[in-house]
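Chain nomenclature is as follows: A, B, C and D, assigned in order of appearance, with residue numbering initiated at 1 for each chain independently.
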Amino acid sequence: MKKGSYIIENTQQIAKNTYRTRLKGDTSAIVAPGQFVNIALAGSFLRRPLSVCDWDEKGLWVIYKTVGKGTSALSKLEPGQKLDLLTGLGNGFDMELAGSRPMLIGGGVGVPPLYGLAKRLMKQGVRPLAILGFNTAEEVFYEKEFAELGCDVVVATVDGSYGQKGFVTDAMPQEGTTFFYACGPEPMLKAVYNRTNTSGQLSFEERMGCGFGACMGCACRTKYGAKRICKDGPVLMKEEVVW
Amino acid sequence: MVDTSVKLCDIQLKNPVIPASGTFGFGHEFAHWYDLNVLGAICLKGTTKDPRFGNETPRIAEAPAGMLNAVGLQNPGIEAVLETELPALRKLYSGPVIANISGFSKEEYVFCCEKADQSPHVDIIEVNISCPNVQSGGMSFGASAKDAGEITKAVRAVCKKPIFMKLTPNVTDIAEIARACEANGADGISLINTLLAMRIDIKNRKPVLANTTGGLSGPAVFPVALRMVWQVYKAVKLPIIGMGGVSCPEDVVEMMLAGATAVQVGASNLQNPFACPEIIDGLPPLLERLGVSRIAELIGAAHY
Amino acid sequence: MVDTSVKLCDIQLKNPVIPASGTFGFGHEFAHWYDLNVLGAICLKGTTKDPRFGNETPRIAEAPAGMLNAVGLQNPGIEAVLETELPALRKLYSGPVIANISGFSKEEYVFCCEKADQSPHVDIIEVNISCPNVQSGGMSFGASAKDAGEITKAVRAVCKKPIFMKLTPNVTDIAEIARACEANGADGISLINTLLAMRIDIKNRKPVLANTTGGLSGPAVFPVALRMVWQVYKAVKLPIIGMGGVSCPEDVVEMMLAGATAVQVGASNLQNPFACPEIIDGLPPLLERLGVSRIAELIGAAHY
Amino acid sequence: MKKGSYIIENTQQIAKNTYRTRLKGDTSAIVAPGQFVNIALAGSFLRRPLSVCDWDEKGLWVIYKTVGKGTSALSKLEPGQKLDLLTGLGNGFDMELAGSRPMLIGGGVGVPPLYGLAKRLMKQGVRPLAILGFNTAEEVFYEKEFAELGCDVVVATVDGSYGQKGFVTDAMPQEGTTFFYACGPEPMLKAVYNRTNTSGQLSFEERMGCGFGACMGCACRTKYGAKRICKDGPVLMKEEVVW
């Protein structure tokens, strides 16, 4: 975990109400895909947690939906503006569990951290199957980016306006995969949990006070006792999840 | 050189800045960010007799210049705190430690305070009387002078170490509560705990917090906290640990001028993990600008 | 088309947005900025029997996301308000008017409320019971259910128009006070008044306000106000005018979901003279986004 | 009175802790020197009242001392940033009372509004005597600017490090002036009040809630009853002042 100043390099709208921002600065604290940053924004007391979509030595990318005050403000900041971030938060995904054919299951803005994961899996010579679910065509993003990494990609939309019609669970193969990594809204995670035969990891969201384990704001029950989503998570093993 | 040290019931603090209970865990997380030994003291997470999961989530909501929390005293129980957490903290930190004790009955307070009193690692016991009194209707113990006095008396009887009663601001007359604590043997007063508050999600028309209400803290509450410190300073002769919205060296000075001997920093630790060391570093230059050579001379200095 | 109208005790407001007492004078200043007829209603400056200069200055201090005031009820007295200020306002504004009455004795409240009741220009009487009861020790009338009930009963006896009792938030149990008002004949509850607060000037080591303490208002208090509106909605059957930190259309919706039938805007008028019309203009698009066709359906809708 | 958006054109430090900022925007509401603007600043709830030092059709100047959070923040804003202002606040000085030889008495950051006044008096063919008081040499500003208008200027410093040693009252001539306009800290105003033989106007400061007459935050007692510094002032006639 590190605290530092980051510079907005650019922001693009990549789908309906969905933006990608590149932040330049020290990424040495980021050690695994699925970790997140916590961003201080003028006018808001609490920081905003966002998954790291991808990172290199010079900076990182976040992809976010403008759902409220903070994310809207972030999407409107000009290149060159500085932001205070906590980076390297959370455990992230464990790539060693992937096996030969992991399945990545993302819903909406749960997709971004899976991109960083896919990229690094590919680098390790593992070719994942990515199943990306959205509500509707205009919310779809990153299909091409996943494909360009060399992944197999299936897109599903709830209203059938793009890709396969239905939920991500409708698009999931019943066999042939070795492990799964899932990130998305809780109902999706629960459905994925119920419909997967392999072991897997699920990334959760919770309202956070600190993001680094101090306040107990983000507690969650697991089979091995209470955990903090921000510090012991956001990624939990399928086997420990309690619904 | 400015002298930033203060004395809290004969315990010497190198500076008056203490992370507040519940915003600093048992210290370990912050040891990642900085050397804990820069702190004036450390106040531990609120501790009860038995381990508690606390409230359901969401437990956190945002507010203008502040935040709401309804953590609900998640903690591993007094045994684990004294036997595991505190010895672990002692490996990282050698300064004064304040144990923060909560309970839902007089017996629970007595049990925990007695244990804390016996621990070699605890220097001060802060008794948080903001929890609901489940035995008599659910109003917080700190909401009535009678309850506050009774708890004080009961824990006093089992403790030799300094006892600071931590008051809730959700009362009509804070001075009356403080006087009841003084009359029953408290060594000091800590205030304020959080202001009872609420947020509603306008999209799904439900309270944001699973617990419906939560406690407001952060800069938003500073002027209310300051007023209460001022009133309590006038009402009792005991040392005061002031808190509520402190976020910068200026706030520390303002709290001390109102009557605080030391100051706790709560929500600001969550927003900025370096809040405490930054405030501590900012004190000497600020005091120099103000022409103050000993910070202790500020205590209550705005009273006339 | 979204219907933003609400009914307050049979009085139709075209929208629920009302400038709060003390932040809108008697309306004239704001007529410079916009047409007052866009407002749901207007609440007048707190009025006492005799003219008052109010407290010494400084009367204003800043706070994180808010401000403190200790104006001390400066007003020209009830006669001048009814005979000069109100007729002048009527030339600019034809909507509902809420007179805000203050006093330092039961007799003063009765005197002023009776006068206000007789005025053809007054539609609702808001009785501010946050002033200190000089006859019995100086605690605010609104700080005890007994006093609050007594004032309500006394003013009820002389008024035919709807009476809204305006409560102070500086109490342990707001629901108890509201119930006492209901039991004694109030037609509605207005809340909250300001939170008792303080600031100290760290350079000269003196309270910023000449009056030492003042009332905190503005966005900082919104979560506390919302919680109290919620509690009072659960406690009584009366309509509620909610206020405390409202600064945007979202806040209006949140207050109404907590139980308010109408909403007052205070400190935000001072920060932005166009606060009320901007909030009013923002309501229809917000309601459309939320899928609400009649704003009145929001009242108390977050209660379960 | 108007509310509008103004753009920072530039900011210069002109003396110790003293800055001048040019704000571009609508000045049509400004009708007299001695009026003030009320500036909204991010991070502060209340606006900050500052006298208009001078104005033209395209914008206005304010001169201020960085005494706290708001003024410090203002001094650090970059050119191009936008600020929300209320303009044309207060009554301002009454130039018709000047006579043939008015005396302008300014202390510290009470000097700025007298500059706008001096400029307009000169335009009317009236040549004022300006007495500018400061604590010490490094705080002195605008001597040259007043002189360039064609005024007579006397500078006094309390410590004698520049100009005449002493207070403005020590530098005031006992005769030969027709009226006075004074702006500065209250002790100065009181001393000026006591040492002047002519009639005059004094500009006062008070902590303000609104700045436009709504809140009664800025009340002051006068011989003709309570007045609001923001609306009925900030300029009062000598004859009505109650100390």
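By our rule, contacts are C-beta pairs under 8 Å (C-beta built on N, C-alpha and C of every residue); 3 or more make two chains touch, one makes a residue touch a chain.
This one's a predicted model, so the numbers in the text were calculated from it and none came from an experiment.
Asks: Which chains are shared contacts of chain B and chain D?
Replies: Common contact partners of chain B and chain D, which must touch each of the two, are A, C.
Asks: Round to the nearest whole Å and give the separation of the Cα centres of chain B and chain C.
Replies: 33
Asks: Calculate how many whole Å lie between the centre of chain A and the centre of chain D, each centre taken as the average of the chain's C-alpha atoms.
Replies: 56
Asks: Can you give the whole-Å distance between the Cα centres of chain A and chain C?
Replies: Result: the chain centres lie 46 Å from each other.
Asks: Centroid of chain A to centroid of chain B, CA atoms only: how many Å?
Replies: About 36 Å separates the centre of chain A from that of chain B.
Asks: At least two partner chains per residue is the criterion; list those residues in chain B.
Replies: Expected reply: 61, 63-66, 218-219.
Asks: Which residue numbers or ranges of chain D touch two or more of the other chains?
Replies: If we look for residues of chain D contacting two or more partner chains, we find none.
Asks: Using the contact definition from the top, classify how the chains connect: line, ring, star, complete or other.
Replies: Shape = ring; chains linked end to end, path closes on itself.
Asks: Give the pairs of chains that touch; include all such pairs.
Replies: Every pair of chains meeting the touch criterion: A-B, A-D, B-C, C-D.
Asks: In their complex, what parts of chain C are in touch with chain B?
Replies: Result: residues 61, 63-66, 68, 139, 143-144, 170-173, 195-200, 202-203, 205-207, 212-213, 216, 218-224, 226-227, 230, 245, 250, 253-254, 257-258, 290, 301-302, 304 of chain C touch chain B.
Asks: What residues of chain D sit close enough to touch chain C in their complex?
Replies: Answer in residue numbers: 1, 3, 40, 44-47, 86, 206-210, 212-221, 226, 231.
Asks: Quick check: in the complex, which residue numbers of chain D touch chain A?
Replies: Per the touch definition, chain D meets chain A at residues 42-43.
Asks: Can you list the chain C residues touching chain D in their complex?
Replies: Per the touch definition, chain C meets chain D at residues 22-25, 29-30, 32-33, 45, 53-54, 57-67, 69, 71, 74, 208, 218-219, 267, 269-274.
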